[in-house]
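Chain IDs A, B and C follow the sequence of writing; residue 1 opens each chain.
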Amino acid sequence: MSDLRSSIERAAPRRKKWPWVAGVVAVLLIAASGFTLTRGGGSGDQAAGDGEPVRGGTLQFALIDYQRSPDPQWGTNYAESLIGNNITDKLTWQDPDTGRITPWLARSWEYNKDLTEFTFHLRTDVTFSDGTPFDSAVVKANFDQYVHGDQKLGILPNGATLLPGYVETRTPDRYTAVIRFDKPLASFLQASSFTANAQPGFLSLSTLKLSAEQRTDPTKVIGTGPFVYQSWKPQVSTVLVRRKGYNWSPPALKHKGEAYLDKIVFNTIPEASVRTGSLESGAIDATLDVGTTDEKSLAGQGFQIIHRAVSGTSIFFNFNSRLFPTNDIAVRKAIQLGWNREALRKTVLTDSYSVATSVLGPSVFGYADYSGSVLRYDPEKAEQLLEKAGWTKGPDGIRVKDGKKLVVKLLGINNLVVNKPAYESIQQDLKKIGVDLQLTVVPIPDYTANVAKAKTDWNITAANRSRNDPAVLNLQYSPLLGNGSYLGKDSTGVDVDEVTKTLGRLELTLDPTERRQYAKAAQDLLLDKYALVNPVYNPSQVIAQAKYVHGIVFDAQSRNHFVNAWKSNGR
Amino acid sequence: MTVPLDTLAAPARRGSARPLLGRLGGLARQPVLMVSWIIVLVVIGWAVAPRLFTSYSPYEGDSAASFAPPSVEHWFGTDRLGRDLFARTVYGAHTTLTATLLAVLIAFGIGTVAGLIAGFSGGIVDTAVMRLVDVFLAIPSLLLAMVVVSVLGYSTQNIALAVGISSIASFARVMRAEVLAVVTQDYVRAAYGLGRGRLGVMLRHVVPNSLSSVVALAALEVGTAVLAVASLGFLGYGAPPPQPEWGLLVAEGRDYVATHPWAAIMPGLALALVVVAAHRISTSYRKEHRR
Amino acid sequence: MLRYLALKAGRALFVVWAAFTLTFVLLFVLPANPVDLLFDPAELNTVTPEVRAQVAESYGFNKPVVLQYLARLGHALTGDFGNSVQSGRSVTATILDVLPSTLVLASGALVLALLVAFAIALVATSTRRPWVRNLVEALPSGAVSVPVFLSGILMLQIFSFQLGWFPAFGDRGVKSLVLPVITLAIPVAGPIAQLLVRSFATEFRSGYVTTSWAKGATRSGIIVRDVFRNAGLPALTIAGITFGNLIAGSVITETVFARQGIGRMTQAAINTLDVPLVQGVVVLVAASFALINLIVDLIYPLLDPRLRAALAVGSPRAA
């Protein structure tokens, strides 16, 4: 008897808490759905324009990642690139809406016909935060170290993949820099504005002389950007303060003078529920990495959701064209047709995300829409294709050919909250047409470790690549470069030379009409003719911010700039 | 004088010989114990024949019913893909119980034997075993498990193996401490006095009288193992989807705790209930043996 | 006595060395190349072999494993664990930076856990009402049956976000320490309490207590004087385990509460195969562990008169 009582007493608090939590949730949900109905889904890239900007104040910002080093030229995560963008400036600024390259530290530029030499005319009024001038010698020193690294200092060749074939930077005069390559590199123009991982942001000559270890002292990392480092606490926070005298933000941003904010604190908060709760309780002003399920309730409470799709490729399933059974084009095509995009949109994605309609994101120049042709849900046709290719259903519903089961092994990353449920949704659908999709969705380092063995071990690698230029297809899929589909002699039915040539053309011209054609041809090849990739959804960077926060900018790589940001309460 | 001493030496052997009927009668007088047994039996039932307990599929969701709250139709609510969480919990019992059992068996089996040998033989054997144990203890179990899982690859079996391996050391250490305490007891000396051999003393007196502490640890280990698996899931080392596993269900549900708390709390509650029930049973078992 | 001390210290050193070696071996068995992990996974296939070789060389990963091991061991003996592969910062400085915040968290949690455990054991032993005893005895298993991350997150939901009593993240003095300390103390207190409840009960029924009863001592007097002293002994045997629990729990607590600390740093280091950093941490943890066990080994015989006597007379099996 006594035991029963004790167990009831132990259980009681839980039961009491439960309906209370449920009630709060129900109210929030109802409030949220009502709000979104009246508000509509639209939310622009920029939230500026609510009255006159107010100077001063500290922005408390939250995100999931942290900077492993304050060195902006190194990094593979979002925190590293995002903070680097506010410490350093680039030669050019890519317009996030049109994809056009516009001036920044370079006033103007020209290139030779072969696209092997790019001449930049620099602004003359730019200085580093230690007072030293920004000139062509700085550009040269930066690019040399960025591409080659420095073994003695322990600096990695961070830019080697972004600038393949870099030869040298010439400095005909103090404010002219000529960057030369040994083969055509049309995408370099976009690369000069690149703001994602391992970006070409300019560091002072004194910083370039520092070793990797010395660069972990944030006050010694000197850039020309609108903010300067105050402190860096790995895994906890990075604090930036306004750069005095800054007056060279990209003309396209129409921002004059220094940043509005005095200070930005980037707080690393790994747990989704803690980021959301901290925003709700007012401990932070804005947060990136908003959980998809929290978007609605936050909007319902009056927080603003701003987002931009990450430019570059969509989240893709890259098929391994050498490995059984994805060496069979019928299997690849069946997978493209075999999953319900509408169900994915409804259960997993929010308005901030979209189902992929090509391997390129819609914001990338040269994007074409394939949702009417190859990228649609047509399970009957998928099954026909498999039947025709000799795949017959076994007793457990999984198809079999020559005694071998249709088992497709996928390797994915769990860094985006959407990935796992999205893949599971596809897995459910494919099972219905007799394809057993086996998922291994792991953290980035384990993914990286496995990608090294993907050629022989994985049928599908699922990831995305952030680069707002159609040449990303060449980088990702060219058999000479990324070779995302592991094309080779064993890839039955694929003309490898054709792929190499078609994709390679994207680096040969900057003429818009020609480039658009080449981009279309590349997508046709990858999606339709050889079906080397199954695009899934367009990833998005989503920020939830308090009403008094304005002017956080998403750039062409969907990284944030804070030069224009302000708080109407000025605190 | 010597004979009663020997009888006294084996106090642990009394209760187990009681007839079954008497046991059931005892059970009826302890409702909490009965409830605990029912919980454990039901969960074992889930693991063996999940179909008897739910008509929903744990893998196929209804996209129209994404994140439905607990109701008569969906007792535990549904997850993001509209899969019934009760069904996932029921089917997940198999994965979880197998993994837990494996982990506890590895830790208990190897750990107890190592601790017994070390404590009883002493000398160089003790030193060798205990230094090895120290090394394993010196690396915190969760970290060791993380490394082991990274090496072996992601699967529930490997996670169980990792958790089991990383707990061997603590069993060995507790067992050894108990053995050391027991060998100084009067009845053990008495047994030697009676001329029994070392192996005989070990099996008849030392083992039964040292085990209760380790069994207590094993009971806790059931919980620890489930939770260690959950922790690994939380840190990103989970069983491959769509396999339902309790720890993973809780770990996945935590992201939605602000808006859809049932997704983490319902499987978490099931997990906690089983751990508490298993513990309750082991406590009563021990008490009975102590009587 | 001096020889005994030297022996124990030697064992402690062995443990540290073995842990160092074991991690090295495990990290090299890992199916990944640390060089790969320095690049964006999407770019991995684009990285040229020359670049890869250059990176490997600058970290010394291209040398034979044995040489790498010996070089690391040699440096480690002088207290130099090299630089973190990821940040390039010296391992020692990196660890020293985060150590204080973990120490504060762990010691706070340990103190709280001990208080709770002793309270539970005291109540369970001293109460005459069976239902109170049953309730209290069930607490330890309840404590360990909820995942740390779930209890942490739920506590945050209630005390930080609903009630606004404590900050949810960051380091704002004692206030921001309360929730993490409680979160970490719960699972640590469980095993200690369970052990104490059991040994309190055992001691309570043992011969010397009966003697005290016979001498006319009171219940509380017996608990404080006799049981308390003798029952603390088994708790010491799990000091090492408790230490491990604290470290493991801190991995998760630090993640949930976004705190700086050894646990979270180690997890990141294992994830990114940051060999120097992992080894630095392992040596630190193993050394602390060895030290704790050394202390336990030394005071163990002092606390238990029976064992002390046994050690002095020689073990019964000699008979």
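Here is the rule we go by: contacts are C-beta pairs under 8 Å (C-beta built on N, C-alpha and C of every residue); 3 or more make two chains touch, one makes a residue touch a chain.
The shown structure was predicted, so the numbers you read here are calculated from the model rather than taken from an experiment.
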item: Between A-B and B-C, the pair with more C-beta contacts; value: B-C
item: Most distant chain from chain C by Cα centroid; value: A
item: Centre-to-centre distance between chain C and chain A (centres being mean Cα positions), rounded to whole Å; value: 38
item: Chain centre separation (chain B, chain C; CA means) in Å; value: 21
item: Rounded Å distance, chain A centre to chain B centre (Cα mean); value: 43
item: Numbers and ranges of chain B residues touching at least 2 other chains; value: 32, 150, 254, 257-258, 276
item: Numbers and ranges of chain A residues touching at least 2 other chains; value: 1, 3, 6-7, 10, 271, 273, 277, 443, 446
item: For chain C, residues contacting two or more additional chains; value: 30-32, 134, 138, 142, 153, 157, 161, 255
item: Residues of chain B that touch chain C when the two form their complex; value: 32, 120, 122, 127, 131, 134-135, 137-143, 146-148, 150-151, 170, 173-174, 177, 180-181, 183-184, 188-189, 192-193, 198, 213, 216-217, 219-220, 223-224, 227, 230-231, 234-235, 247, 250-251, 254, 257-258, 264, 268, 271-272, 275-276, 279-280, 283
item: Partner chain B, residues of chain A touching it in the complex; value: 1, 3-4, 6-7, 10, 14, 18, 21-22, 25-26, 28-29, 271-273, 276-277, 291, 293-294, 296-297, 340, 343, 346-348, 414, 417, 420-421, 423-425, 427-428, 431, 438-443, 446
item: Chain C-touching residues of chain A, taken from the complex the two chains share; value: 1-3, 5-7, 9-10, 68-69, 71, 76, 149, 151, 154, 156-157, 160-161, 164, 197-198, 211-213, 215-216, 233-237, 267-271, 273-274, 277-278, 280-281, 283, 413, 443-453, 463-466, 475-476, 481-484
item: Touching residues (chain side chain C, partner chain A) in the complex; value: 30-33, 36-48, 51, 54-55, 57-58, 83, 86-90, 94, 97-98, 129-131, 134-135, 138, 142, 153, 156-157, 160-161, 164, 167-171, 255-261, 264-265, 268, 271-273
item: Contact footprint of chain A on chain B as seen in their complex; value: 30-33, 35, 59-61, 63-64, 66-67, 69, 80-82, 150, 154, 236-237, 240-242, 252, 254-262, 265, 269, 276
